[in-house]
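To keep things simple, chains are lettered A, B, C and D as they appear, and every chain counts its residues starting from 1.
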Amino acid sequence: MAIFVDERTRVVIQNATGRQGRFHLTQMLAYGTHVMAGTSPGKGGQEVEGIPIYDTVEQAVLHHAVNASVIFVPAAFAKDAVFEAADAGLGVIVVITEHIPVHDAMAMMAYARQRGSVVVGPNTFGIISPGKAKLGIMPAVAYTPGPVGIVARSGTLSYEIASALTDAGLGQTTVVGLGGDRVVGLNFVEVLKKFSDDPETRAVVLVGEIGGSAEEEASEYIKGMSKPVVAYVAGRSAPPGKRMGHAGAIIERGRGTFEGKIEALEAAGVKVAALPWQVADLVAEVLPPTPADGGGNGRNGRAGTGGEA
Amino acid sequence: MAIFVDERTRVVIQNATGRQGRFHLTQMLAYGTHVMAGTSPGKGGQEVEGIPIYDTVEQAVLHHAVNASVIFVPAAFAKDAVFEAADAGLGVIVVITEHIPVHDAMAMMAYARQRGSVVVGPNTFGIISPGKAKLGIMPAVAYTPGPVGIVARSGTLSYEIASALTDAGLGQTTVVGLGGDRVVGLNFVEVLKKFSDDPETRAVVLVGEIGGSAEEEASEYIKGMSKPVVAYVAGRSAPPGKRMGHAGAIIERGRGTFEGKIEALEAAGVKVAALPWQVADLVAEVLPPTPADGGGNGRNGRAGTGGEA
Amino acid sequence: MKLYEYLAKEAFARHGIPVPPGRVATSPKGAAEAAQELGDVALKVQILAGGRGKAGGIRFASTPDEAARQAAELLGTEIRGLRVSKVLVEKKLQIDREFYLGVAVDGGARRPVVIASTAGGVNIEDVPEKLIIKQAVDPAWGLMPFRARQIARRLDLGPDLSSQFTDILLRLYDVFQTYDAELAEINPLALQKDGLLVAADGRLNMDDDALFRHPDSPVVEEGTELELRARKAGLAYVELDGDIAVMANGAGITMATLDIIQLYGGRPANFLDAGGGAGVETTAAAIELLLSRRPKALLINIFGGITRCDDVARALVTVGERRGGFDLPVVIRLVGTNEKEGLAILEDYGLKAYRTMDEAAAQVVHAAKVSAGDQPPPRAPAGAGPAGDPSAVERGGGL
Amino acid sequence: MKLYEYLAKEAFARHGIPVPPGRVATSPKGAAEAAQELGDVALKVQILAGGRGKAGGIRFASTPDEAARQAAELLGTEIRGLRVSKVLVEKKLQIDREFYLGVAVDGGARRPVVIASTAGGVNIEDVPEKLIIKQAVDPAWGLMPFRARQIARRLDLGPDLSSQFTDILLRLYDVFQTYDAELAEINPLALQKDGLLVAADGRLNMDDDALFRHPDSPVVEEGTELELRARKAGLAYVELDGDIAVMANGAGITMATLDIIQLYGGRPANFLDAGGGAGVETTAAAIELLLSRRPKALLINIFGGITRCDDVARALVTVGERRGGFDLPVVIRLVGTNEKEGLAILEDYGLKAYRTMDEAAAQVVHAAKVSAGDQPPPRAPAGAGPAGDPSAVERGGGL
């Protein structure tokens, strides 16, 4: 199993004819994702890589029963794209677009919630359930199927960490990019709950950063979790009051500090890595044996090596 | 039993210190309605007829667990009053106010629906379950408990008809005034469904008028109803294109005609009265015997006469 | 409140909807000047009625002289019963296709509804349902661009037209919201030979109840002088062509009262709903208004709920005293809130009242005929219930 | 984008929020003229930093001469590291009580949140939680009047103050929406001795990502010259006080890179997130920008996802060619999308790259120290993972 997306996920790419959309449509297809359709207003009837393009998401639903979307629509029009996807009843909406006005983001989230859609992002690399479905812009090579769930606020850093896990033979159930904006559709707690309920996920990696209080809230939840959690938090050296690239990555008014987050996580029993590449070692340490294989730790990495207890 | 309101209904009067609000608060209290509180911004702490006044509905809920509201707030502020009541979780919101802008009415209905509140009105006399609760401005003397449900688009005309029923010993379970505006919270079908499900209601009177298509839609529903329905429709003599007092009472573009409505109702098996005072006779004709009293027709009017089969 | 075409188009243009170049003229000279500027023109009478084309209210002119001549023929005449005081002189369009586009209040859905059709230029109610697209709009969020694109898609307009159409629809929705409209309509939305869409004709009906939010809105008054006076007094008044003046309290009961009068063979002169809870002065003003049309008889039908019988009685007495007595039969039916007090006041003044609508309606029909001197006492039609007691004439309307 | 107090107050005033009478002065003469007009005044430096009162940035004056003198003392000086070029000269207020009122984006709730407190005049984060009222707002419907009344009620303001407060809050919410604000704050919202509320100080922080919707908005630029240049180029750049220039792709990895450099004993000169998918030109511009600060060493850390390694390599080569070679150690870590192509391009130019962050970070710290001529080769701190291979210096940064 996996969370949010899997082999039953049928995807429409919104703005599939733009440079990014076209490139990543191809990449997702190559990964084996069921990309069924694309949209691009005024370009209905065209094809991209053999995938039909429609003017509206409504048509993509009608003709292909799509149930998820990946949005590459420019920031000024992204709100409309999310509304369109939610209105069409798509269950998962991945918003790659960055620099979306925060008021638009708040509107999107309110509407999506009203319609029962899950929004991943905005300003996210997306979500991947290795071997099943890739909805986003992450490099496929970093991932392999396995027992570890990853949830991250940042993109490249999480590729780094996933890649290290993969290299260590620790595959992933699902990797979720929450997105770097101040207002995003999912928070750590919502994803941790999903991982808790997913029988195949046996350990979770949380990749956080300074700013906001998402890691602190996650810590509260983790206290009641039975699955082990390993964390890495970026921003140890960030000075207060500076926005470190992400809208949300800023220590404001003494809140959202590195120290506060580490303290909360450790108090919840989370193993916190000092350096990104230590995450894999910590996961290997905490990963419980699978009930099925009577002692293996579920490693089934690219190297094809068996588990070691 | 009754529909929407009964002896468990706990009422707050919004704008209870205005002339109309104060007068009808007194009347409702006199009827035995559980009027628990009133609101009037800036007048919190005062009393009207011994009933405490608050600044906000939130406080009335907190202190008195009110679950319904009657709104006497002026038209320009009525939208806010409905939002306040719905936000506070009240299940039934009766909007007496007339001349509410139709765009405000549409907003109210969308929000109330979102919050799960039922809006009666606007521009309604309200709703009464005789002997249990009166939420509105109707003259109490016109009603008595009994087996007939009444649902009406117009006020005074329905008093007339209820009064005739009462005089004939045909009491009412509940009398609902939908309201005379173009956009109102309830339609005939929604109320007919409630009456269908109410075991004490054994016949229904529908008081319609020209304009719109509510009677036609009701007719479709009535075709599947097991309880008898009697109707009266006002506006036989109304010329096309003239708005007859109510925003909705206008024959526009050949729609909403008297003849069309009568035809639809009769096709659905409804007995249609040519004159208002004939409604009582028709109800007496169609009222089925109560299962309980083995043949009586449930008359228990003011005169105290027994039923006749 | 319905706005004239030229006012609707001014609103459209302010919101960026393309409209034909045009000017309003109130004189042949003005029309000539407009034609001088615009070239080939259409002259369209500005009245609040449909079907003005068939009624000869739309003319064309190629020269200023011709425009002046046409305007002279139109101005000051009556078309569909309405006096023509303005013509809109517009550049004549070269039209390829005509669409319909409107945003209206949908009472059933309790939401705004977008109505669109490729069959434009005729009344939308004459277009077969299958050619009409209706799309409700969530009032919380308004009309989103994607929704407009969906509608364009369903109309199968093709890329070029879709983007123009979508833009116009979003702007029309803005107009609908900004003006608190009950209806904002472009019909036809014309596709010109140059490939551009333009609002060739338009309607904008504002919600009377929201006019308080639009103090700067133009005021367009429709109706007879008396209807306007009534509206100013806050009364719902509609003029009809009979001779029995009717006042009741509540739209439904007022309509029912008219219906009964008609069933009993009388002819109502008007619909006057004094509303709920009108005070003495408003009620008195309403009665004065009714009497000013010199009906043959007056029926006051009150079932007092929020309306108080004593207020109505006082209003009647006030009017009676002002006029030194009534010079026509006044039939009164007065029951409900403060009934006793009301009856006492009437009695003091020498007026009496019925208890039922039936009696009162039968009586007023009879009284009107007597008053007109053409008829014996009435009988209610068979099956319409017991007729009024003729002896009530003396009791009720005896002044 | 943070607006200066006087710009925030201009926005407030346009939306009907009462603000003290005041004028902006850029010279002592201007301050004197303002004082002439206003009487007793406060002079407040206009800088984008809190705590200006404690730092001496607020003065008072009773006469025009005194105002000129105070302004002369303030203008041109630096307060909290920021040059003072404007003072706001405002009528001095007679204040009874101070409240806090703000509307902000609540990332956790994903909604706007109203924040209010009877403890105003201090930073809201210094106010105990129990004295703060927070109320989320449904973005679909905005702030309804009843909600504002509820907040006034919870603050227990009493009838007179409640109605003023409610009005101001609704207007502040309008400001928040109209300006696409992240924060609209009145602190203190001052109750004057005459019983009237006034926005004594205010902040308005606009969302940078929404500025495209506000072409007429004033432009307030905060940051160093280089930060401004970077922002114009679409790069996320923050200046720090070390000597190792860092570019990476992605905010998280850039932060992590800085963290590692620091853990390894180095001092980062900046944070530069080139973002995802920056092209050759943008990346080259970013590198140029970094070099313009003359760091001791440069680290490029790329894990290519949406970013293509060949683009990064081309950018490096472009910059190298423009400058006739690099005059500092350039340490590169390049893996991911189009890695092979990128490495080939680097190799052609004579540059090499590491595969891991660890190696690259250790190396750049070492190289910077060597470059500064003060240190032997580095070791990673104990427990921080395996140190970089010192021999990599020749492989990676050897120009």
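The rule is short, and it goes like this: a contact is a pair of C-beta atoms (placed from the backbone, for glycine too) under 8 Å apart; a residue touches a chain by one contact, two chains touch by 3 or more.
Just so it is clear, the model here is predicted, and its values are computed rather than measured.
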Of A-D and B-D, pair with higher C-beta contact tally:
A-D
If contact pairs are compared by residue number, which of A-C, A-D or B-D agrees with B-C in over half of them?
A-D
Centroid of chain A to centroid of chain C, CA atoms only: how many Å?
58
Measuring centre to centre with CA averages, how many angstrom lie between chain C and chain D?
58
Could you put a whole-Å number on the gap between the CA centroids of chain A and chain D?
27
Among all residues of chain D, those touching at least two other chains are 140-141
Check each residue of chain B and list the ones that touch at least two other chains.
107, 111, 114
Using the definition of touching given at the top, classify the network of chains in this structure as line, ring, star, complete or other.
other
Chain C touches which residues of chain B in the complex?
20, 24, 75-76, 98-107, 109-111, 114, 125, 137-139, 141, 152-160, 163, 180, 182-185, 187, 207, 209-210, 212-214, 217, 232, 234-239, 242-249, 253-255, 274-278
Residue set of chain A touching chain C in the complex reads 41-44, 55-59, 77, 80-81, 83-84, 87, 107, 111
Touching residues of chain C toward chain A in the complex: what are they?
141, 144-147, 149-150, 152-153, 159, 162-163
Please give the residue numbers of chain C that touch chain D in the complex, ascending.
140-141
In the complex, chain C touches chain B at residues 105, 107-108, 110-112, 123, 125, 138-140, 177, 180, 182, 207, 209-210, 212-213, 236, 238, 240, 248-256, 258-263, 268, 271, 273, 275-277, 303-307, 336-337, 356-358, 383-385
